[in-house]
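Two complexes are shown next, each including chain A; its partner changes from chain B in the first to chain C in the second.
== the complex of A and B ==
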């Protein structure tokens, strides 16, 4: 498995990134904030007013370092990537399969099944650790039946329906998992999130999505053509498909850990006039530090039986998907927590 | 693998000072400066070959010396640091600016 490269997060406003020989230099005015060798970086994430020299962009595109731009509040804006890598035949297959409803259904079903199974694991883990809770038990049972229905789904639309059902069932009991004081969760709210938990979830989902995009591009797949998500301009559908496997096991569990260990507290958020809730600057830094640490935690991949850091999971799954599209494997094996 | 690169460059001449600067720059491309003429570079074998070749092209064998210490894959664990000037590990530390 490839080396997990580091990610550089730039949250300092008015900073400027440029290339010096083979290193990336971060400056604010005339003050040099840091200098890092490019070969240790896999991606650069810029939040807010950060400028990047065109020369550095070109260099990064050529060397497979992804650059993504976010607003100061973490909403994704744009990314820079170089020439399309990988095999055109693989992408052709991907497009053909995406157009074929039967093939799409098969893969979409697996993404959704993994998502439901992983959501259910989150609930079961809570039950195991904190004793009986009738609401959670009922929800876990409902997820189990969704899982059974996903097995026999006849069309992609049916799969989407099952997914929607399961997600609303899961989020309806999500507040039971929160132990931190001062947090309430009534249900998933997006664009914009109107409470701290939704703000955290949206932020982490958007970070993991970008990792999925990079991973898919890295193995030569087109992140914009998905099986479960419909094509829409500007939407990385396949990355969102892949994200489904990681939502519960990676993002949701991470948010729960943050809140329940009181690493993030209700004072770390501000509510804007529009009702949108966002993280404050220093809390975002803390969050990114913890996220980066989480990515380095190692686990044994349940299918590959290989020890790998969490940060490489999108890569390993993209690889398995590419293998399936090439016809090397009978079916795709989604990431399901043991 | 982690490689420690140290050097001594003769700076009695202007040419020597130029070499010193160049060698430092090459090392910066691959790793971080931990002390004045000591660099820690986390590289794979291919990158290490490039690094070594570039340094060997630059240095002057009669006047300067170069030393490479290969600390292996778990090299990071064999390093202890005391005192001032803590350096960041560009591969593992959270790089948030």
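== the complex of A and C ==
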């Protein structure tokens, strides 16, 4: 597998990044905050009022270093994208398959199956570690039957329905997993999140989604044309398709660890007048550091049977999808926790 | 220009048809130690200027093209002896090989020169940097036929837009810079059907 490179998260407001020979320099006013060799980086994420010189943008675009901009609170704004890379035949196949309901259903069904199986693993893990819990057992059984229905689904719409049912079933018992963390969770609320857990989930999903976009672009796929998610202008549908595999297994598990180990606590959030809840700046920095550490943890990929860091999963899945479209495999092989 | 094949593609095809397809159909490229060394060597060779020593002229980075074979590319060095004898010379970072990969590339270069100058080229040469030795390449009918059929294979693979399965000879994969993108071990056998089926069984 390829090497997992570092990601630079710029959270300091009013900072400015520019290129100096083969390095990236971070400044705030006249003060130099840091300098890194460019080729040791896989991506740069800028939060809030951060500016980047056009030359650095061009250099990163040419060298496969992704740059993305977020609001201070982690909502995605934009990314720098260089010349279109990769194979036009691959994208042609992607579009043709996206237009074909049977082909789309085949792939969508596997994305959703992986999502459900991974959600179910989160629940089973809790049951294994902390003993009987009838709510969790019932939910795990319902997810198992969703999985069986996904197996024989006749259309993408049916797959979407199964996915919706499974997600609401899973989130209806998610509060059981927040053991004594001091946080309550009453279901998934987005745009804006109105409680800390939803704020954390949205933030992490947003980060992983952008890693999926980069990974898909990196292997030459079009992140905007999906199989499960419908085309909608400005929506990275294929990245959202791919995200399904990582929601429970990577993002949710990470959020649960953070709050159950009390690495993030209620004092780390502020509630705005609108009721929207967001992370304080220090906590966001801590969260990004822990997220970065998590990405370096290794696991065995269930299909590839190779050790690889979690941070490379978007790339390995994008590659497997591309190879499936190019005819190397008969089925797409999603990431499933084994 | 559209469907012209780069001369360097022949060597990729000879080494491994999947490598050829990944580079020339799928536009994949990754560098490793070997390709980086090759690139640096070529940067050095390409920078030289033409010179004349007695009755031999040495021209560097010569652009070649064949309308007939739909080939295009660059030659590291062209030796022109007198006015009739043209000898194409290719620089390689490695050492001489038993197989014909490098010789095919030189032969294709010679075919371009023959078409461009309407002359007969009888020999070429390869300079191997690792052993610092020059190998002569006799342009035999066998080598010419082999080269012609390979050019044809390359064109038809591009037209089909297909990427062949990984080759079975794993030793070549070890030195290949595209190994990660190609995934020879992953895609030599296709276990995806069983994997997908087991996803629904628990």
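Note that in this section the second predicted complex is superposed on the first by the 336 of 338 C-alpha atoms of A that agree within 3 Å, B and C clash if a C-alpha of one lies under 4 Å from a C-alpha of the other, contacts with A are read in each partner's own complex, and residues count from 1 in each chain.
As a convention for this text, contacts are C-beta pairs under 8 Å (C-beta built on N, C-alpha and C of every residue); 3 or more make two chains touch, one makes a residue touch a chain.
Being a predicted model, the structure only gives us computed values, none of them experimental.
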item: Which superposed partner A:8 touches (first chain B, second chain C, both, neither); value: first
item: Chain B versus chain C as contact partner of A:220, first or second or both or neither; value: second
item: Touching partner for A:168 - first (chain B), second (chain C), both, neither; value: neither
item: Partner chain in contact with A:328 - chain B first, chain C second, else both or neither; value: second
item: Touching partner for A:87 - first (chain B), second (chain C), both, neither; value: second
item: Partner chain in contact with A:292 - chain B first, chain C second, else both or neither; value: first
item: First (chain B), second (chain C), both or neither touched by A:41; value: first
item: Touching partner for A:303 - first (chain B), second (chain C), both, neither; value: second
item: Residue numbers on chain A that touch chain C, as the complex places them; value: 1-2, 85-87, 89-90, 110, 113-114, 117, 144, 147-148, 150-151, 219-220, 302-304, 319, 323-324, 326-334, 336
item: Contacting residues of chain B [partner chain A, same complex]; value: 25, 28-32, 41-44, 47, 88, 90-97
item: Touching residues (chain side chain C, partner chain A) in the complex; value: 25-28, 161-163, 165, 180-181, 183, 186-187, 190-193, 195-196, 199-200, 202
item: Chain A to chain B touching residues, read off their complex; value: 3, 5-12, 15, 21-23, 26, 33-41, 285, 288-289, 292-293, 296
